[in-house]
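Shown next, in structure tokens, is the structure this report addresses.
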Amino acid sequence: MLTVDALAVARGGVPVLQGVSFKVPDGTALILRGPNGIGKTTLLRSLAGLQEPLSGTVTGAGEESAYASHADGVKAALTVEENLAFWAEVYGRAVPEEVYAAFDLEPLRARFAGTLSSGQSRRLGLARLGVIGRRVLFLDEPTISLDAFSVRMFADWLRDVHLAAGGVAVIATHIDLGLDAPVLELSPFVAAPEATGGSDEAFL
Amino acid sequence: MMPDLGKYADAVLGAYAASIVLLVLIVWLSWRKAVSVRKRLAEVEGRTDG
Amino acid sequence: MSIWEYANPKKFVESTTPILPWLFALAGLSLVVGLVWGFFFTPDDFRQGSTVKIIYLHVPSALMAINAWLMMLVTSLIWLVRRHHVSALAAKAAAPVGITMTLIALATGAIWGQPMWGTYWAWDPRLTSFLILFLFYLGYVALWEAISDPDTAADLTSVLCIVGSVFALLSRYAVNFWNQGLHQGASLSLDKEENVADVFYQPLLVCIAGFVLLFLALVVLRTRTEIRLRRIRALEMRARRTGVSA
Amino acid sequence: MKALVLRDLRLAVRAGGGFGLGLAFFLIVVVLVPFGVGPEADILRRIAPGILWVAALLAALLSLDRIFALDFEDGSLPLLATSPLPLEAVALAKAAAHWVTTGLPLTLVAVPLGVLLNLAPEAYAWLLAALALGTPALSLIGTFGAALTVGLRRGGLLLSLLVLPLYVPTLIFGAEAVRRGGEGLAATVPMLMLGGITAGTLAVMPFAAALVLRINLR
Amino acid sequence: MKALVLRDLRLAVRAGGGFGLGLAFFLIVVVLVPFGVGPEADILRRIAPGILWVAALLAALLSLDRIFALDFEDGSLPLLATSPLPLEAVALAKAAAHWVTTGLPLTLVAVPLGVLLNLAPEAYAWLLAALALGTPALSLIGTFGAALTVGLRRGGLLLSLLVLPLYVPTLIFGAEAVRRGGEGLAATVPMLMLGGITAGTLAVMPFAAALVLRINLR
Amino acid sequence: MLTVDALAVARGGVPVLQGVSFKVPDGTALILRGPNGIGKTTLLRSLAGLQEPLSGTVTGAGEESAYASHADGVKAALTVEENLAFWAEVYGRAVPEEVYAAFDLEPLRARFAGTLSSGQSRRLGLARLGVIGRRVLFLDEPTISLDAFSVRMFADWLRDVHLAAGGVAVIATHIDLGLDAPVLELSPFVAAPEATGGSDEAFL
């Protein structure tokens, strides 16, 4: 279970969100919603440990978590297989054969990633999640560039493979994934103008 | 008044001139920036707090 | 009251406001007194002739160039350990002053070198390590300029300052090994016998005091400017935020 | 860590000959100098150790900005930072891959280039030994510099400005070792110092680079 | 076209002192050479014209890859290509901005650096004139090289490899002019050749660069 | 009017689409649909003149057209205003004040583009289209990263400003823009395996 308690996060020295609390039990996902610029990316980066929160605690992530950002770290000069094999090895695992089918990469296995269309390359980026075997996933707009069919395919993988195995996922997205998961609207958590914290505080 | 600097007059005067120019330059730059920033801050403070 | 309270930006600005004019006045006074004394009222040296008068600019600026870097090293460490903003900003404020001091030392030294050694420049270890110091200053300032987020910039330049100091020391050793030089040895040692004659020594001390005071005054002034810049940034950010969320 | 080194090497080879290019730059700089300086053999011999070392430095420098920049741009770096591999190991792996693609081939090719510059015959062994001992330090220091400037546009030039002064001790001892070797003098002191620098940077730089990377990824 | 030159200059200044960095690299290379070669004044004087020119070349080279790369990466380049500005004008504007941020400051700062290398007193005027006349050619040739390698990962190193041979004539005539000037000989022939190279590249290179850009954007 | 006749396009030397024909009268838009990798990006690049088609003709685009790709050419070191002013000047125009309101950039005008969130930065990229004043727009997944509100805002701009003034737009997208425009499904145009053309042909 992922527990977030009274988290406050800042970007560029300015508090962005405050008082964010939620629980995501094992085997479920949480969708983050909110208009552009509200702080979804900032929140996910804090959860993944890439930046320090201003205050509050996150339990249940840490070593077991993985983060996927807008950019998906696909190397153009490596083939699809090599890209996945690299991440598998970094995480000390083998590439499960199923991921190729699950992300519709079968016909593209030997292609250099640089010759993929934007949607195909994004599928490869997502397939990484099926390879590294992390229980807690933080996903920032994972379905960008995907067509409707691929979105459904990804939602199926998330539901039937990842969550079914007791995993947890926190997903920032603007579209409807077709996933039966609670939605957290971030608008109520926008940091008050007089919110403290952030490196600028000393100068106000 | 001027001391006799002998054959090294160029060198000594040059050294003093170069140093004084550099010192005045850094003081002037720091000062100008301090003034302009102080003005800008006053403006911004007027705008946001008042 | 703990000294760390002055590390609060507002407190720093408040408490330096009354001091700053005095600092500048004192610095100006000692510089004028020292330089006038040195330039007009000291005799020529029997070997170096009138060029000895350059010492009143060369030695103080050389000292301050090194001390400015040391100060930046200390404030960088304080920032990394205790995260006091004034400390980081003071390091940023000191660098251009340090560069100026380095340039003065290089320029006066070079001008002095022509009559003394017959060349403007020689690859003497002391001169050379000064050139390297100049390069470190340049890199340090360039890094500050290149990073837009102020805290990231403070962190990275602090690390650079520390790593750079280690390599600067190493370079000093390397350069010594590489070439034994022409340059003067230490003349201000505690052992009175080795020092330059008193006639030169006393105005020199006044000039050194003047350079120290000027350095302090400039650093305080520039630190205040940096603090204000951060405050402008912070206020604008907040204004934007209230504008957006309202 | 092995996976990362291998991937970086593969990328270097795939993306148009990572090995070849560092080398080629080394070659070109060494060839350009006689064009600039003039062809007199004795002058060339005199300056050969220094020029070879400066050229090696510049060749190493030129590929530094790619150490982290590519991974930063395509988003791999945050993914690596949240992977089980500690960032210190990432930095070390990067330095190793850089050395294999730059320092190592430079060392091997320095001998024929020495001939071009009329290097003294006694100096060849020292040239090889000094480059082999000193180039790892160049890669390690460079990795730190690359970590400092990752994410900055125009990082390349700034990187050079930051890194070149840090290269000074390595350069001095390296060139001094070759020169002394060439003149038949004892070159043990500079060689020892070179070894010391390499050992010191090996112990410290991966940590400094990781620290700086964490700040930059924040 | 003016808009593009101004934007590039503004970007260069914003992104951490575009002026400063090329200069700083020039300075550093010139400083490093004595560390490698040794401190003897007469040798330094002898090689000073060549070293200064090689350093100027390398400083110009190092910022070349940014000429088009940044615009390519963020997608500006196809947008510019489909804008009313002809690509030839884009290339010329890019070269002009590169020269103003690199060639011009290099020329200005060469004199104090000459002092560091003990350049002969008679040579200074020639150094200034030769650099002022020759550096535009470096920027123009470099723009063509940058256009050739735009979009290639590791473009930086490949670019150097392609461009440096093209720089050889400029280097030879430039260094020769300074050397002759320093020795009190007539330096008009190399100066004329330099001028010819600059005029020729100015007439041809923008077109070549635009051609190559069109191919690369396809 | 934009007229495309029997267009065939290739990517990486391989024919991708063939026999694409359509007409877009002034004041209307056309939506391109098709699964990932079918060739939408390739088609748009050909229409915009960035690559040569294998065969077929495009009339009515040329000098009057503008192309917007996944990447939007936003300079991180320039402010929002400076970014737009640059493109305006390249196209020899002034920045119309309305674009700031139309793309909700008013509060961000003085911000460096590098400090925008992904959606804000995309809005800036789209605002460029309102600045350059081109009649024929080729848009490749313009609404990536945008929240629902911004998508509607963009659709409104397209309908009420661009198309209302007699403009034309061809848009590749996977989501519903809420625009009342005909949809062209690309699946029927996939190049036959034995399709000719492409630089590889000489070797087949």
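Which chain is which? They are A, B, C, D, E and F, in the order written, and residues in each are numbered from 1.
The rule is short, and it goes like this: a residue touches a chain if its C-beta (ideal position, glycine included) is under 8 Å from a C-beta of that chain, and two chains touch if they have at least 3 such contacts.
In UniProt terms the chains read A, F = Cytochrome c biogenesis ATP-binding export protein CcmA; B = Heme exporter protein D; C = Heme exporter protein C; D, E = Heme exporter protein B.
Computed from a predicted model, the values in this text were never measured in an experiment.
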{"item": "Neighbouring chains common to subunit A and subunit B, by label", "value": "C"}
{"item": "Minimum number of chain-to-chain contact steps, subunit B to subunit E", "value": "2"}
{"item": "Pair of chains whose C-beta contact count is the highest in the structure", "value": "D-E"}
{"item": "Interface composition of copies subunit A and subunit F: same or different, split at half", "value": "same"}
{"item": "Geometric centre distance via CA averages, subunit E-subunit C, whole Å", "value": "34"}
{"item": "Approximate Å spacing (C-alpha centroids) for the pair subunit A, subunit D", "value": "37"}
{"item": "Chain centre separation (subunit C, subunit F; CA means) in Å", "value": "55"}
{"item": "Between subunit A and subunit E, centroid-to-centroid distance (C-alpha), Å", "value": "45"}
{"item": "Subunit D: positions in contact with at least two other chains", "value": "15, 73, 152-154, 158, 161, 164-165, 168, 172, 218"}
{"item": "Per-residue multi-chain contacts in subunit B, two or more chains", "value": "none"}
{"item": "Sequence positions of subunit A contacting 2 or more other chains", "value": "12, 37, 70, 76-77"}
{"item": "Complete list of chain pairs which touch one another", "value": "A-C, A-D, A-F, B-C, C-D, C-E, C-F, D-E, E-F"}
{"item": "In the complex, subunit C residues that touch subunit D", "value": "132, 135-136, 138-139, 142-143, 146-147, 152, 155-156, 159-160, 163-164, 167, 170-171, 173-175, 177-178"}
{"item": "Subunit E - residues contacting subunit F, complex", "value": "3-4, 7, 10-11, 14-15, 71, 73-76, 78-85, 217-218"}
{"item": "Partner subunit C, residues of subunit E touching it in the complex", "value": "15-17, 20-21, 24, 27-28, 31, 34-35, 38-39, 41, 44, 115-116, 118"}
{"item": "Touching residues on subunit A, where the partner in the complex is subunit F", "value": "12, 34-37, 41, 70, 115-120, 122-123, 141, 144-150, 174-175"}
{"item": "Interface residues, subunit A side, partner subunit C - complex", "value": "12-14, 37, 190-191, 193, 199-204"}
